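In what follows, structures are represented as structure tokens.
Next come two complexes, and both contain chain A; in the first it sits with chain B, in the second with chain C.
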Partner chain A sequence: MKSKIKNKIKAPLLKKVTRINLEKKIRYQSDELKSKSGQLRQGANREKLGFNREKEGADRERQGAKREKLAEEQIHIRTKAMESTFDGIFIIDAKKPDFPIIYANQSFYDLTGYSKNEVIGKNYFLLYGYNDNSRVYEEIKQTLREGKSFQGEMLNFKKNGEKFWSLLRITQVRDKNGITTHYVGNKTNTTLMKQRDLEIKEQREELLHVTRVGKLAEFVSSLAHEISQPLTAILSYAQAAQRLLKEREPQLQEILQFIINDDQRAAEVIRRLRYLLKKTKPAFESLDINVLINDTVSLIMPDVTARDKSIKLELFTNPPLIQGDRIQLQQVLLNLISNSLEAMESSKDAHELSLKTSLKDKYTILVEVKDSGCGIPEGNMKKLFTHFFTSKQDGLGMGLSISRSIVEAHGGHLEAENNHDHGATFYFTIPIDLKNNR
Partner chain B sequence: MTSNNSIIYVVDDEVSICRALGLLLKSHGFRAETFTSAVDFLAFKHPKVLSCLILDIRLPNINGFALQGMMAERGIITPIIFITGHGDIPMTVKAMKAGAIDFLAKPFTDKKLFDAITIALSKSKVQNKDQSEKDKILRRIKTLSPRELEVFNFVVQGMMNKNIASKRGTSLQTIKVHRGRVMQKMQAKTVTELIHMAQKAGLTAS
Partner chain C sequence: MPAKIYIVDDDESVCRALKTLLMTYEFEVITFNSAQSFFDNVAVDAPGCLLLDIHMPGIDGWETQKKILASGCKRPVIFISAEKKDDALGRALGVGAVGFLQKPVNGQTLVDLISLASDNYQAAQ
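Take a look at the complex of A and B:
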């Protein structure tokens, strides 16, 4: 229980980039090999066709045969490699007018759902002719006409009409004279990645929506409170005056009654508004704080990467479960993380944000969000969690006050302090769910 | 409503609410004492008259609920009517469970307020009566000698004379004498009455 995992999250892009590079390398090498073996074969033929320099010839022939055998072996290996990759690979003959596909690996058939007979000899674009993505195909043609390689992600359809996303790369194979003889296409199925991206986007949007609604509700609630105070006083003043006048001054009595009526009308408006935005009772469930943090981090990772920052996780192994509302706690984490990111925006040296979970005591989990940003000016420390207080130009001053009320609704506390070196740490506690523990 | 010899306390951090409620209460013939903080209210010397407290829940530093607890500790007994600008249900439940007379969402009409005050003052009457009775019983208990107090405690626990005697290691006769003096000093005619007194004084579980 006492050990801690340290791991850094890097952009998932990195993996993708290395893979693409690797594939490029393989393709390049196999192209190179093909042209070499072609040269070799030509050489051997020339010898067979009767340049009879006997001694040298016999030697050369033996050497040539050996080299040819070696090359064939290499071709065999590279072909195997092409056959075994998950990516769909196809080769187009560029010298024929209708650009027919002359080779495709098994993955290409698997990916597209077409059989060998339906692919070989056909034009790649005809194969996908029926979908409405013609702009993409025009772009591909244009790029290739200009002699460049094409790379792009697009929506495709399988033979049975099923949709799939793919990353297509088409590169030219040129002969010695620079004339394009073939195109090599490489199709990667990105459906899963795309789905994951979409899911993350949806989750972010849902969370943003909840946050907006939460902000509005909190805003209305504090506004309602601020207004109901003077309304209370006005009502009591007017009713006291009515009482003091008793049966005298009927005209003044009437005016006082108007004041009372309008005061109550205003109060009713506020009551209805408050009712409308009544916070739904948080949906409490058993939660693993580390899972929650990991989920939240994956939601905000695109932002982190875009800002050239990184997140360090120091998560307590197998933390006891807590009772909480997943969305609300994510909202708190997201708020603290994005505040930290903003605090680090101005300082170029600040790159790392750290998220830490630990046991404060037997009953409490402590979550810390530590940045190395600009820190909090001493004067702002006290006002940090109050409604409408903000140090941002376009801030509403609701984020931290909402976060604090969420944490408090969970039976915890949210606090902030400046670090000794630079930046600030926001930390909150959440009680352990004593009933539901492993 | 007999309003002459009763005090209505108001604790609200907003000055204008204190002033307005003060005026309203006075217009109805009440004596009103208003405070803008819990500390000021606690520092006030509370006369033993009928009273009730109109208390705002959200106060800086010491909030309404905390003040309720502190009053109990200090023996300030008066019914509480909570008022709040945040009309949330969990708080209402909490306040009512803690023994509040009512829970009024701001702004409230004078009718609602005075309905609540009427109930609060009648409760205050009962509380005051209970309190003075408790004080009377406690005063009587103070007149008991240490031995008599011991016997008193055994008797109100429902123990028989012979059991008390064997526990104390004295004769049954001695216990009977002590018991007689206890009954006399406590002005109790029966054991049942004595037990009721102990309960009223909060000495045994009722």
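Take a look at the complex of A and C:
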């Protein structure tokens, strides 16, 4: 039970690995080229010296045959590779005025839904010109005319009208004089990635909406409370004065009645406003805290990567289930994570944010969000969770107070403390759902 | 001897205003800004009705009522709060209070409830 999964999510690292692989490949290929041109040069030198011409001749013939066989093999491998890749690849003849496609691999046919007869000899842009966005094609043509390669993501249609997203790259193939003889196009189906992106975006927007509504409701609620107090006092004073005047001073009596009426009108406005923004009842369900954390992290990962930070997950294996409102708890996590990111914004050395789940005791799960940012000034510690307190220039001071009230509505506690070295840790507890566990 | 009313509310202005109003009804009114100072200054068996705010820093209204019940005191309590949760009245009655009033409180309604409370209290004695 005590084992932990250590799991690092580090998007920039992935890119780095790909880049290193690419560099390796390039180095390998250029070495190969160098050794080949070296062999050629060696041959030419020998020829100049004029030794053993006959023997050389025979050797050369043998080598020639060997080289031919090698070259054939190479062509075979390359053609096979091109045929088996997932990307749709096509080659355009740039010397002919109508730029016909002279080759396309199987994936290209699969991707577009067109058959070989419908593709070979046709202009790429005519191929699905009337269906697609002609502005994009103008842009592609312009880019190619300027001698640059094109790269862009676009929505395409298959022959049967089905939509798909693709990443298209078109580059020039030049002869030894630098004249463009062909274009090679590379089309990758990005529909799945695009869908996932859209899903994440939708979830983020839903969460943001809920957060905004939550903030507004909390804001109105505390505002209403603050205004109700003086309204209570005003009403009581006016009613007291009315009683003290009893049957005297009818004009003053009337004024006091107006004060009372308007006080009650203001109270009614507040009551209605509060009713309008009444918090929707939290929808409690059985939740796995780790799943919730993973979902939330995937929502905020684009932000984390953009800020050049990373998130380390230390999640307790098979945590007992809890009872909670998924959206509200995500709101708390998102709030704590984005606070941590902001705290690390200013310090260049602070890169890692860690999220940890553990068992505090038999009945309680503990969630910690730890950063290595600027920490919390001692003077702010006490006010941290109160309404309208903020240390940010554009902050409203609602985030942490709402987070705390959400956690408390779940029967837990939200606290913060500074770390011994750098930054701060926010941690909250959530009781384990004793009735509903595995 | 006039009937005694204790008011516990963290808002000083609310305390002063309610006291002014209730004094026109000939009550003797003593106000406190926290439950703690009420407990420190009023004996468990001292007679009087309590107007109790719910949202207060430190010991809140519900907690105060719990303590009062735990001490064996039968003091009539009326909850007052700016915020009206759906079940506020039900909850108040559930913990043995006489009633719940939402702020701003109408004077006559409050006094009627206080009279009802002291009638009940005297009948129970």
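Here is the rule we use: the second predicted complex is superposed on the first by the 385 of 438 C-alpha atoms of A that agree within 3 Å, B and C clash if a C-alpha of one lies under 4 Å from a C-alpha of the other, contacts with A are read in each partner's own complex, and residues count from 1 in each chain.
Note that in this section a residue touches a chain if its C-beta (ideal position, glycine included) is under 8 Å from a C-beta of that chain, and two chains touch if they have at least 3 such contacts.
Owing to the predicted nature of the structure, the values given are computational and were not obtained by experimental measurement.
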Chain A as common anchor, with chain B and chain C clashing or fitting: clash
Which superposed partner A:Thr180 touches (first chain B, second chain C, both, neither): neither
Which superposed partner A:Ser391 touches (first chain B, second chain C, both, neither): neither
Chain B versus chain C as contact partner of A:Asn123, first or second or both or neither: neither
First (chain B), second (chain C), both or neither touched by A:Leu231: both
Chain B/chain C common contact set on chain A: 221, 224-225, 228-237, 239-240, 243-244, 263-264, 267, 271, 274
Touching residues on chain C, where the partner in the complex is chain A: 11, 13-14, 16-18, 20-21, 23-25, 55, 82-84, 102-108
Contact footprint of chain C on chain A as seen in their complex: 221, 224-225, 228-237, 239-240, 243-244, 263-264, 267, 271, 274
Complex contact set, residues of chain A against chain B: 221, 224-226, 228-237, 239-241, 243-244, 260, 263-264, 267, 271, 274
For the chain B and chain A complex, residues of the former touching the latter: 14, 16-17, 19-21, 23-24, 26-28, 58, 83, 85-87, 105-110
